[in-house]
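Going by the order they are written in, the chains are A, B and C; count residues from 1 in each one.
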Amino acid sequence: MPAIEQRGRLWAVLLPPALWLSVLLVAPLLLLCAFSFRLGIGGSLFGGWIATLDNYRTLAANPSFLELLGLSAGIACVVALVATLLAYPVAYYLVFRVRARAGVYVALLLIPFWISYLLRVMAWKVILGSGGAVNAFLLWLGVIQEPISVFFYSRYAVVITLIYVWTPFVALPIMATLYRIDRSLLEAAAGLGATPGQRFWRVTVPLSLPGVLAGAVMVFIPTVGEYVTPLLVGGSTGAMYGNLIQDFFGRSANWPLGAALAVVMLVGTLVLVGATSRISRVERFFQ
Amino acid sequence: MRDRAWPLPAYYFALLALLYLPLVILLVFAFNSGTILVFPLKGLTLRWFGQLFATEALMRSLRNSLLVAAGSSLVATVLATCGAIAFVRFRFKGKGLFITVALLPLYVPFVVLGVALLLLFSTLGIPRSLLTIGAAHSVVALPYAMLIVTARLVGFDPHLEEAAMSLGANYWHTLRRVILPLIAPAIVAAWLTAFTVSFDEFAIANLLVGREPTLPVYLYSQLRMTARLPLVVAMAAVVMVGTLSIFLTLIWLRRVVVRTPASAAGATSALTARA
Amino acid sequence: MERQIGRWLVPATLVALVVLACGGEKKQPATAALTPESTGTLTVLDWAGYEDTSMFIGFHHKYPKVTVSVAFGESDADIFGKMKAGADACTFHIYTGWQPFYVRDSLVQELDTTRLSHWAEVPARFKALGQVGGKQYFVPWDWGYTSILYRTDKVPGGIDSWTALFDPKFKGHISMWDDGPGAVTVATYVKGWDETKLSEQQLAEIEKMWTDQRKLNRFYWTGEPELVQGMAAGEIWVAYAWQGAYNTLLGQGVPVAYAQPKGGRNSWVGLYGIAPACKDKDLAYAFLDEKLSSEQGVGLISAFAYGHVNPAAYKSVTDTNIVKALALNDPTVLDRTRFTPIVSEADRDHFGQLWARVKAAQ
């Protein structure tokens, strides 16, 4: 077919998403970077400002901000690892035991996520809060004299809530990975005399690792920037880096400093993704 | 030869029980006559359900969420289909760049995307509104939708299109009558995924909300108000029962959501984008 | 079957979208002369709790078909940031300390006070607070205190000092407002310093005070309703609070008291401004005018025990205990309390960063 006709068709399908993404993804991120180089929001919001590194200097001068980023990354790591570990048996069960009827089982796992996340967390408060069921039970038993509040409004509460939320999700990429394992390899191992345990640890696990890692990365990235869960259950000590950014764009109104904080996290996240992308590619799932 | 008795079924059901526990608690409290979420219950009542539909703000926020989810999922699905077709069927310079940008939202934390879009809209003088939230959601949902449609599209023989066109159909005709119907299940899955991503999304919506809240934003504001909490809990109970029915219907239909493990993983790992 | 679903999917969604969108508000231009039949939407940027119709009851009765659409801000800085970014709000609610910044950045327009029929009823002391450079920009509306709210059943000894917020006796049961400048103000009361002249060393000490306090603090409240819930549930015993929370809890039968601390209560006055970009200025003026009426004053005082600028309201309030306890019928009490001083933008930024460091500390 004529080359021009081909080009025309290409542009017809390529232009809409490309344009949309340029305006609503690329441009905002570039604007964010640019904005991190100005000071304050006084005067005109977008005109007549002088470029300065002051926001980054402020960042460097406030080590607790970057430490909080490190802490948030640490929390995200723990959540990703624990959620993956907890989800692996579920994925294994659904792929290797339930097999054909996995659809229903998966659906059952997913239904709760159609209900508001906020409300489910508040419901946990009912169970774990100082007026809640666990404390009421312990008080009744006489084990404690006063309600324990550490379950709610603490950093532990943030970590536990995040693990609780992510575990069912990360089961799915793990399932996809386990499906792709060539069963003939397992049969061959059995034929060579491997026990089920050996088959699992020597064949299944190593083959599934890249995909499992990709799943963990998919949990890690949103969790680093998480700010909603700390708002709900973090109390005074459970704040994460995302809360800092949200504060500077909201109640503490210092947009450029917030932008600088956001840029630092963005760059860090992308570097991390780039580093792990050799080992695992998320896109692999979908092929 | 059985494994050592790994209690796998017990493990799965224990996890499921843990998952559903807060929902059961919510259901119980929907009938509680007290206004604070503490045990013991004050008494049983149905009046919250009655008040539910009379609470204009709550119904309004539900309508807003449906509107935003429908709009953003439509846009995301259409753009994703375009992008998938471009990616799979055409060769062009910058293909790598395009796919990197298209998948970028997967790697950008929500709060960063939210504040970046806030900056964009403020620069352009666009006030925060449901439209700004919808635009943000379409960007967030695009990678998932595109991956789902691409997965389906790569499975089809490009010669199908050539065959159709050699029989006299022009490209658009071919697209409409041959390709789209064949990838329709993936498009529906992508659309459902995008809808789900948007409906319960809070992190970005909270940053970009104007005067009209979406349901999660409204719920969040009400979580802090004693008197309105039971209504919110009643709403949660209604939504739960409603979505359970929808899911059971879908499972019964069997064809729409879960087709293959790959698209299952794709469609539902997109739900990892919950706020 | 998929083909059929696919074919109808797009048209169905489009139809649904149109139906849903049309079910929403239709914006109609407000007519020059407002009548009870007038329709339209008035957009307001306000604090949590003021969205209820009882807070603009006169306006609602006079123009029942006008929709008042309220967006929320969590702090003055938040509201300022939102207005700067072009929030869709015709009128907005600020507090003392911020007036000059709105004028400087052209975020508020000068008022034509002849359009406010109740303007003459407002005492001059309040009008003056809404003036910048001699021109009237803001309509004063509410006033009140900041002090310590506490549960009398959990704190039987009572509280008489701002140091209660830092007292290890109440570990895990304290709640502070999530606001840097507010925290600095409290610290200056405890230390007896001048907020406008703080040295680096003093700021560092303030930061340490609040960083240590974090271990005693259960959560930082961002909206009064959240604090009320926490106190009613017994999680919070001692809190930085405005008297609105006090009155609400009393109404719920929770045993609370509002302290008269040695450092003195902090006081504030709330003001409404009209945005220059507002297209429904008639509605905005009518809204603010009705807010100044004595009927509205009675409503505000009864609901939140906040003072109202219209003295005619005080006589009609039925709960005289509240009026007495808070000296609501005597605005001269404001002369004897401590207003938050107007703080420079640079200082405010420093306070904000201080607070961010307090919350980020490991």
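The rule is short, and it goes like this: contacts are C-beta pairs under 8 Å (C-beta built on N, C-alpha and C of every residue); 3 or more make two chains touch, one makes a residue touch a chain.
These numbers were taken from a predicted model, which means no experiment stands behind them.
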Leader among chain pairs (count of C-beta contacts): A-B
Farthest chain relative to chain B (centres taken as mean CA coordinates): C
CA centroid of chain B to CA centroid of chain C, Å: 35
Computed distance of Cα centres, chain B from chain A, in Å: 16
Contacts with two or more other chains, residues of chain B listed in rising order: 36, 38, 78, 118, 122
Per-residue overlap in chain C, given as positions that touch at least 2 other chains: 84-85, 222, 233
Shared interface positions of chain A, touching two or more other chains: 45, 129, 131, 249-250, 255
In the complex with chain C, residue positions of chain B that touch it: 36, 38, 63, 66-67, 70-71, 73-74, 78, 118, 121-122, 125-129, 180-181, 184-185, 187-188, 191, 209-212, 221, 224-226, 229, 255-256
List of chain B residues in touch with chain A within their complex: 1-4, 6, 8-9, 11-12, 15-16, 18-23, 25-26, 29, 36-40, 75, 78-80, 82-83, 85-86, 90, 92, 98, 101-113, 115-120, 122-123, 135-136, 138-139, 142, 146-148, 150-151, 154, 165, 171, 196, 199-200, 202-203, 206-207, 215-216, 219-220, 223, 232-233, 236, 239-240, 243-244, 247, 250-251, 254, 257-258, 261-262, 264-266, 268-269, 271-275
Complex contacts: residues of chain C adjacent to chain A: 74-75, 77-78, 80-81, 84-85, 101, 104-105, 172, 178-180, 214-215, 217-220, 222, 233-235, 345, 349, 352-353, 355-357, 359-362
List of chain A residues in touch with chain B within their complex: 1, 5-6, 9-10, 13-14, 16-18, 20-22, 24-29, 31-32, 35, 45-46, 86, 89-90, 92-95, 97, 102-127, 129, 131-133, 136, 164-170, 172-173, 175-176, 179, 196-197, 200, 215, 218-219, 221-222, 224-228, 232, 242, 245-246, 249-250, 255, 258-259, 262, 265-266, 269-270, 273, 282-283, 285-287
Partner chain C, residues of chain A touching it in the complex: 40-43, 45, 58, 62, 64-65, 67-68, 71, 129-131, 149, 153, 234-237, 239, 243-244, 247-255, 257
